[in-house]
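Quick heads-up: structures coming right below.
Shared between the two complexes below is chain A, which has chain B as its partner in the first and chain C in the second.
This part shows the complex of A and B:
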């Protein structure tokens, strides 16, 4: 009889725990509502309303709010609400009109853009061809990261009232893709030139919104740009962005409806939000991908031997890394991001072929049995630790003992980039994949990416392949070049692409009808915000 | 009078501590691997870009020169500019401090209102009794459960179920005091749990220690009521360790607030300092640590004064100083 209270207590605990466990529901994470779109806003809903968004980190840039030198995806996302670019990318990474309504390519080095005649800066001044010329020239002069992505531009000229011609020194297939990202934004050059606007502290663009308030690392408030050419069809009237670093708090906001839309880095959010009433969670594939550095530049390390590096690369199972570390939501990839058109198939990479016995034999032949290595990573990207743990097991199977060293970002950057050779054996990080395969592969071209010199040899043959992939027109020939480039990168095993970096978006279905593309190239998690519709906007 | 003689010495000591800490923290943050340029410009940046940024913020000067410039500015009330926000550190602190103070006030209020009575209650009950065991159990759990675990559970429960309070959307007491309280209750409670538990435990031990003193036995023999004995004989004599603990906890709250502020998305001073450390925002880190040191030194000073007032025997006049 005395056991009755205990039994009731256990039963109650079990019931509470059951209630606390998210019900298992069929995942809608990768279900497309339309080809290329995970969600499509209901166009029958009225425009207007207030959108509440929670993002993981704020824009923190050396040059403040200057979009041309912005380097992080969140900067591009937030600044993209205010600034427009000449062109933009569609769901399949095709180039679509932006501030340019159309463009001609009289030759493979010449682009003639016809500009919108209704684009107006938020201060009421119409955009001119001179703004476009000045902006592109300013970007090229800046020597910023993104100026590298524009390729070799010979000239930018206004060739008509609404026409701008860009001439390249050499054919460059990624040119339009590079113009589609926020750093190539069109700035108010008249105001910048006369000093009436400091672009590092004030955002003044032709985009759908204007900044009403910004508290660093806390919040942004965007109001409508009354002069926006698409004002009549703009979805939310205002956008409140809260910067919430803690993933659990963003989950809470979607659960209790205090935010309409939130972004998550951790794929566990798919499960943690699964079954939440009036909420939907989707996995947006990115062209971003995780990579492994295998330092080839330390002559005293066994990793200086290509055979050892290739053996380590071969011991890694990309699909297993995705399945265990990233809940199967990532895609194995080579140097051309798996989500981009024409990407080389990761399954065909040379490192996919050797068996475990062959890998062990290769290590033994190289005199590198029972290797003790350290893998260095940083702690603001939780998936890195999960990937490293999977790699630890995979490498143990071929006799490599891996120690994980998880640092803060400052120490990580210092350890890898402050000395040559770098002070590491292995390291994990990720690259943004952008909108064309030749863009991210620049970081494998030692002539361009001098920052890799501490851990990667400058290989002229590999550089030539990268340049060829960037200059050949899209098609079978270029795809074949990319396969060759992927194989070269894989064989050298210095900077090894692993799996794509998925992003998770959660939103309230009772307050928001968003448009979300299936694949994203520039980390712009609010890309189609002007198409969003608030349920109660009417 | 003794206090007047003692105070200048202690203030001088506090000043030495502050100078020492300022040198230590200045050297420490600059010896951290990776600087502001590394963190903000990222791996793709050129050495030239990093050097230009270092020059822009005077980080290319020698460490002693940088320290001297910072100290001279600080003496004028200018603690530097945040490299991230480009705003004066004092403005950044002023906007965040009310939130951290709000959390601290809630936590200390709950500690005093719950922790001390709980400790007295369990301390005055028989050691093997049910209430004593329960009190010790509650204290042990409160001390043992890490704040991030408790905070995460609270965040989950209050976001999953409609329990009357919401997580996030915090209002600063400086903006609207009444509206801020409901938004700070949950993080305040989480912050208070450890303080309540440790205060209850310390209070119980102190009360038990005093209860066996002869003067308490004499009071019982005189027929004084239990309440009177507890108020006048037990609590007064047990108050010194309790006071010391509560003062220490007050200083600790700034550190404890880091986790709670992060999990509950409270843009207070604690989470700001951690963020600044990650970004190598030197002026913010230096000033934050200095502020924490000032709080700790002031609290220690206050405890010393109060201890001497409560129990003049602690005043070590015999040793030639006041306390």
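This part shows the complex of A and C:
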């Protein structure tokens, strides 16, 4: 009978633990330290020091370390530590100087950039106008995803020692926004041309850091680029990035101070780190957003019927998805990211209007009552499973039975993109929203984004709206076009924007004074790293 | 050998079953009886949950996120605002059912292979044992992940993994016991009498190693629960919105600091289930294999 007390003890401990735990949820809603910034580094602190960062996953690209073909926001973040772009974006998504100190627009199709004269690659060779021309031409020739974002470029020419002129075939409002992301980085074209540098295995840029070590899916070590034009004011001297997939481990690292800075996918990190001594946690809004694929291309599926797809879209409550799956930290959005200027109001989307009874009636009229559908997602983005489970409840209310299929990322990509039509009913994923409201909508333009052909029809009318949104100058007319584009995307219900994708950043206040913008467009969680200051530096 | 062999007493299936039940009832000591009752209560609760909705719907969002235990939600709510009680009941059912089915499959496979290996000996025994050694060479959780990678995450992966993890040990022990039984005189007598091999295996060998199978079955069950829990914890087992003890513990780890009820409840149930099974297994072994020393306490 010696074992009885053990079992009773276990039970008692469990009950006491359970009963005595008071609700400890507290709001740690981030406040801005300055307009547009959740945190601003203390400029009075000395430069230098070693920054320790923990991120949830590593950069993995088919073409290795070539920034021009990089397709993921994580690659842009890490490569952005080494490479610079001609322009960059400010906290309000206005375009700011980068390697170009200024630019003129003699006409709405012509951009004349004046280049920095002190930009030097990390091998000591000064950057030239030929590097800029060669880099942009190489990007255009690559036909990579990002080359599509540059619009229709007629020519790129060096028009002076420190001057480059880009001529477009048609006005394109998003052009500078496209130049502001890492795939448009300026590469060492002389070294690439003579073969002394393989840009797919070696990172050689004009940015603040150089790569000292990289173990795939484990760590990066960045040291200082001694030739960086801003070396005198660069914050941390070195950056150690550890890839830590387990969210709890990153939380623990911020709690115990073994990391200075960490990114979290789970919005509850705001709560889980709340009250931690010497740590601060902030919710960074993103232009990134989650979207739902409703496969219209399988002729044997009821989803081939637009009325059925629209009914499913209408049954989704974006605000509820945000409130339950993302702790209310996300924003409902249409195809123009809700956090960008000029975005269409999600509340006005056509799918927001039908009532539950009308949705049921629409499904019945289409002969699609008691639908059994499968939603496919991948398991490295925990929020997707949360969103899918909320959607499961919402669709059950209109008689749609949803089965969740949670795959590894490789199987997910294979299932969606390897066949046409895609082997899915529904799927969940997210897009980066970039820095201009029309940019991401390019992935809805079937003439441009052929990779969606397996699950989305190429709609000329929708393509025309997308092109118009991209070319019209900012203003009321463009805003109206955005509303029309949002409605068109919403009504076709093939690639349905849901809610924005918030990101949580935690950092140690006893070791780091960072600059963090309130709203990020390119998923760059280390955007202002050169402004960071280590508390104990110097 | 000369002379006549005494006829082997025969029993009808009904008589054998009655004898088995009586033996089982008198085999467990009081503590093991309590453990069996606890397990039965778990089974009953999960069956009631499925049949009459005891505790409510495991997938319905009914309250605020991460609400602490209260009268409305005795074990609190999870990160989607679902009551943990029905989630836990579904999880217990899934874990126990998966484990029981897997162990039943293990028992059939391991008994068949073990008895054949023990009775035939020689190359047959060597071949079966080497196959078992190959499975043994993999750490159990690595083997389980390998299986999940091949057949895809889900209940089938969990089932196949549990079987592959538990089969080698049970096969080896059944083979050793069968070897000892096969050397006994009554088996030799049956052979000489012309009894067919299948009949010898079933009527003479299987019956005499049934105790070993029962004891190992209980241990395999506790291992199965742990493997299922581990697989689901790693994301290869039961998939959302389904529930299992491992999956619930995985969800709970994220909120361990702010909402400990999410990990305490499934964790305690997991511990109790394994404790009960091990106590029953120990008791069975005390009665059926009295020469062995007890492993617990």
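FYI, the second predicted complex is superposed on the first by the 509 of 538 C-alpha atoms of A that agree within 3 Å, B and C clash if a C-alpha of one lies under 4 Å from a C-alpha of the other, contacts with A are read in each partner's own complex, and residues count from 1 in each chain.
Note that in this section a contact is a pair of C-beta atoms (placed from the backbone, for glycine too) under 8 Å apart; a residue touches a chain by one contact, two chains touch by 3 or more.
Computed from a predicted model, the values in this text were never measured in an experiment.
Of the two partner chains placed around the shared chain by superposition, chain B and chain C are both touched by A:248. Judged by the touch definition given at the top, the superposed model places A:390 against chain C, while chain B stays out of reach.
Of the two partner chains placed by the overlay, only chain C lies in contact with A:268; chain B stays clear of it. In the superposition on chain A, A:450 contacts chain B only, with no contact to chain C. Common to the chain B and chain C interfaces on chain A are residues 248, 411. Within the complex, the chain A residues that touch chain C are 1-4, 6-7, 10-11, 14, 17-19, 21-25, 247-248, 266, 268, 271-272, 324-325, 327, 379, 385-386, 388-390, 392-393, 404-407, 411. Taken in their complex, chain C has these residues touching chain A: 30-31, 34, 59-61, 65-69, 75-76, 79-81, 152-153, 235, 239-241, 253-261, 264-265, 267-268, 271-272, 275, 279, 296-297. For chain A in complex with chain B, the residues that touch the partner chain are 20, 60-62, 64, 71-72, 143, 145, 201, 215-218, 242, 244-246, 248-249, 251-253, 255-256, 258, 380, 408-418, 429, 443, 449-451. Within the complex formed with chain A, the chain B residues making contact are 32-35, 37-46, 49, 53, 82, 84-87, 95, 152, 155-160, 162, 166-169, 262-265, 267, 271-272, 275, 277-280.
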